[in-house]
């Protein structure tokens, strides 16, 4: 065990945890004020629910010894994380539970990412059910495919097919996280259908300062996501850190430039979106390209995603907060970019097409991306329709008009009147306190 | 000295520092818009005031060599942190000042936690005075009892009674931080009395997005709080990190479930509250239970605290933001849970009641919890009444109606009108700039 | 390479990155609601633009081998960060790219700091142009002067004149960052002139909760800024961490005390401002003073800066968010304080005037501060006027009245109406989606 | 001249605006208000404490019109804003003695 | 029909609402406004710069009533909202020619 | 008594307030409203989707005045709020039957 590596992995795990509240803000600021709490709750509930099932069986499905074909980990290996508190339990140079921790927050945020596609209209209970099923039959397997390396905990340990057989390079999750969530988002947007007023009415962001805070926290946390995936504090971590900065900065520039040219003005939502697009694109590729390669990947990610967010109007699916435009498109581009811009001088030591490596790596990347995309899209469609047809997934049109925060959570996000306390304009009054104490209130 | 351990402790100290602004947001979002600044100022002033006295004498009172009976550290040992800049000054494997730093932010947040009980009505000056006295005669001693271990800086070093004589396990501060602050909050709520309109008027949270940001930052920072308490980057840190995730996720689920059953809807305030409840409960126990144990502790913490927040209406004390319901109850449950669910396979290597360890650890836990509760409650009552009777602690009823932000700070939190600059609806105009420059304004 | 040191530097780099979004909030909350997005964009654009040019040539200009006289690094050395991915490329005990990363975020925030002086009135395009030029001909050279040490990457490596010849102590950037940005801010405020209504109309902060979040994130990140500058996880890092806490806490107290005495009430804006003032002042001095020295530096920084923010009304320059009052004055005081309060018992091992060291260090500090101040002020004036006279820097008076967010970014920050979705009071309606998809909208 | 004041459901605002525009109303003044009436508010829950929110968000429209147009304008609003469910709102007409366009100083009919 | 417009102190709103309900007023329209008058605003301080906030928050209530009820309604509001301190507000009565319930198209007395 | 209602550009509010104060108006009630008229709103862009914001922020002032003062007050507002550009707003005058000062119960002239 190396204390420096462990310090970095534990820090990174905390950084990645923060990304989910960051995402909640990023998404929450983009919806209307009557839906911000529900939007944030879809992320926060992922922290709660996926956190629990990860401990119970998720880690074991993802990182247990392979059951065969590189398709799934053995759920009995680490059920309830058993045996992992021992000082001897290591993954590479860090305690096993540090690795468990780091991977837990990946599972959490992947589920949360999907929710952006179905803003304002998904019932909360069915969303929880969906999250549970999706994590279990989509994320945990895909995580095993992509992130579970042969030999990680001992020489005879066998992992997943994309990492070990296909040998696609997906350093921190272009496929497992972003294509996966993006494809699922598209499927759910199709299942749930358009919001009332989509394409006609103003559904502009209600609070762009939240979006900016969210983008800032996401970027911050993403250093843990990418550089933490080095699982140690070393040159690899430093390279991925710096590539993460380079690509993200360039992507923000790219998005702003496109806006300036196309729409006349560069916007703050564009800057925030460009940041996320760059982060997505560099996620799979940060270990295999140079900082200059990262600049190119990022800049083009900004352009591509800024163009892609318009697709929903063209094709008429209501991917409310552009999970497809940013995560699916950005994830595909980032995954493929490894095949194009990888350079043998980077830690992954592979040459892509433009560095004379031919198409060998490129096809591996394409197969990995395509497999995850197809698997996630199809299975999500099935889960989504099953829920919609059985218990119903979507709130009614009237409830949509009223606002999902009140309907699903009996809350409203803001009250800026100077209310109550014998002062101000009381927008309401206390009707009853928690059941057992009803008397107290009237006392 | 170990650089990896030091990196982790320094990182953790920064994480814990961030918890106090996080708390300011968590609390600030829950009050009405006319009191949010005062609420935040009670946390920020703790950063300022306790930060200063910690350097001057707080660390020494807490971690100086024991003056006798494990009751108090020697204030002359490290007055002004003297002698601790030397490269030879170590606590276990880290530089002394890294440990001083880590512990400083514990003192700061404990004081800040109390303020939630007295929202909207405490004069700011008396609050500062209270903080000063309370930290000095309550927190620093209790910190010594609980966190100061024999032998930490050398073989003949003697620490506090709870840690070394009673041998209660309070890994990161269930007693020293949460029961301590919770009991003090209850006492202060009694001293200050109810807000005008308590139990009748609407005093609903004015900005739940702030509450959610706050909860996110608290969770993030809490990994430093708990896993940082390992004082190194090792298996113990990894176990406590993962237990912190498990319990918190389960607690959020527990709170939401209770709400769903009792009130019909799971709320975002419930999710945020459940998070904090879980974090509180796992704080003392994270080193001594398994991840499954952590799930149980967390889930029950969510249920218990969700039930406990109603008590104030039953008994009629105005614990405005539920410091009692969350920190006192959560802290007691977490501290006792060690006696129940500790397992020898965890780093603390103790078996609790349910793991065949009998009641040995349980009574130690109960005595520790009870001692801190009683000490804190009684001394706080005395300090509180002394201040109330001498200089007055509470603002007048009219000031309460007007709003404490204006009364105590001459500010208001928000101005969303498009004001000033020759544009917008100027809600006011500049009357005078800082005294020496009065001329300039009229120039 | 040391993994512990690397873990700390990578963590610190991420912490410092977060400071720029933190600054965006701190500044953004202080302007009126019609300018908050533009204010934040000036910080976010710095993340984008300076991030890119740092990779391309900024690092090399700053940390390339000296071209002569300690004035500038060789731009050809590390153009595009070439050669730095190699495992052999080290700066002291950490991978070169970890150091590159850490320094990149310094460049970014220094540029962002300037923007506070020109709130509400700078056209966005010219601001980008200014940032680019200023970073290139002011920041990179000054960074080389102050932060580039002889021998950092090998025995024959030669760095900048302030660090190596003058031997002024500027541990984390009192001159290179704060005096530099502060002087530039003053120059730009003079170039752009006063806002319409300056000194007469109300231009009060539109959202103080954002200011507080920002201050909290800044403090958090600043531990990376200062303690990360140790470039390792060691006693030096621990000392600077703790001094950063001490000074900041004392500065907040100092500012609040001054307000209480002068204005009658301590304010939350004062607390936030005091925090930043303390952080600025301890930045150059944290390695050379004791925690008690830090308390003194911080407390006086709080007083000095609280007095200095009034100067703009006296002298009639519109330094909108007090970059001069806080960063220039705080930076000068902090830099000089080394000459006064440095103690040989601190890691820098130098005695200042009050510790019997005479004026030797004091004059070095004064020369360093003066050189950077003069250079930055003059060159910024030239750049600023050149832009103003050529393409124009300032928006028109009518646009100022309308609000710069709409004018420059076609956005508005908040929409709290319950708008759209067939519900609420639609403040507008969707007119057209991105060009290629126009059909889709009308479909 | 008459002042027509209408209090309607927020999501009907856009329809009402369009209908009035078609009719030829060129200007109006709009504000967000809270309504109290037969339509009850809703309940919110915070940490188990239930709050009755008595007021319902409404949009208030003020239109100064020619005497002759008043009835038509009222009719259009009533027709367009009607959902048939409780809470649709009220429209009332009151006399106006004079109206001036600030920009030009024009009065009455010329000011609209 | 009459329109009673009342501008009162915000913390009196709940009392006024209750008193009017007891009297039999079933509906009203409420908004948050700013008042300017004898009651002066307050002063805020930001970084040493003092701002005079000239305006005071008030609640504005509009009630359309039968001619006969107007005086009673005014009386109830004045009585309930009175604190005796400067800034209690004003109530005024103006004529209304017709009022319509949007939901049903009912007019005048039937519309209330 | 008359009620003068003025809808003006927000940045003229401070000037109007001063001018009215100089004339001797001691009280008024002010609110933030949205205007719809010849002056068109603006366009915002979010992720390439353009939104037409139809409404323009305005300030609405209500002043109850003596019959004799009404014309002067209207004149002052028109003069002070005028910029000559589209969107300067409207001022209208309507009859008020009675006005009461809540604090004292004073009526009409005495209530202002």
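Letters are used for the chains, namely A, B, C, D, E and F, taken in the order the chains are written, and counting of residues starts over at 1 for each.
As a convention for this text, a residue touches a chain if its C-beta (ideal position, glycine included) is under 8 Å from a C-beta of that chain, and two chains touch if they have at least 3 such contacts.
What you see is a predicted model, and the numbers here were worked out from it, not measured in a lab.
Novice: Determine the set of chains touching chain C that also touch chain D.
Specialist: A, B, E, F
Novice: How many links in the shortest chain of touching chains run from chain B to chain D?
Specialist: Tracing touching chains, the least step count from chain B to chain D comes to 1.
Novice: Which of the two pairs, A-F or B-C, is linked by more C-beta contacts?
Specialist: B-C
Novice: Rounded to the nearest 5 degrees, what is the angle of the rotation relating the C-alpha atoms of chain D to those of chain F?
Specialist: The two chains, chain D and chain F, differ by a rotation of 120 degrees.
Novice: Roughly how far is chain D from chain E, centre to centre by C-alpha average, rounded to an integer in Å?
Specialist: That pair's centroid distance is 18 Å.
Novice: Quick one: chain A and chain E, Cα centre-to-centre, how many Å?
Specialist: Those two chain centres are 50 Å apart.
Novice: Based only on mean CA positions, could you tell me how far chain A sits from chain D in angstrom?
Specialist: 44
Novice: Give me the residue numbers in chain D that touch at least two other chains, ranges are fine.
Specialist: 11, 14, 31-32, 34, 44-51, 53-55, 94-95
Novice: What residues in chain B touch two or more of the other chains?
Specialist: 2-5, 7-8, 11, 201-202, 204-205, 207, 213, 217, 233, 262-265, 267, 269, 309-310, 313, 401, 410-411, 414, 416-418, 422-424, 426-430, 433-435
Novice: Looking at the complex, which residues from chain E come into contact with chain F?
Specialist: My answer: residues 2, 5-8, 31-38, 54-55, 58, 60, 74, 77-78, 81-95.
Novice: Tell me, which parts of chain B touch chain D in their complex?
Specialist: Where chain B meets chain D, its residues are 202, 204-205, 259, 262-265, 267, 269-270, 273, 306, 309-310, 313, 322.
Novice: For a test of understanding, state which residues of chain C touch chain B in their complex under the given definition.
Specialist: 2-5, 7-8, 11, 15, 32-34, 120, 195-197, 199-209, 212-213, 215-217, 219-220, 223-224, 227, 232-235, 237-239, 241-242, 245-246, 248-250, 252-253, 256, 262-269, 271-272, 274-275, 290-292, 294-295, 307, 309-316, 345-347, 397, 400-403, 414, 416
Novice: For chain E, which residues are in contact with chain D within the complex?
Specialist: Counting only chain E, the residues touching chain D are 1, 3, 17, 26-31, 62, 64, 94-103, 105, 111.
Novice: Chain E touches which residues of chain B in the complex?
Specialist: Against chain E, the touching part of chain B is residues 201, 401, 406, 410-412, 427-435.
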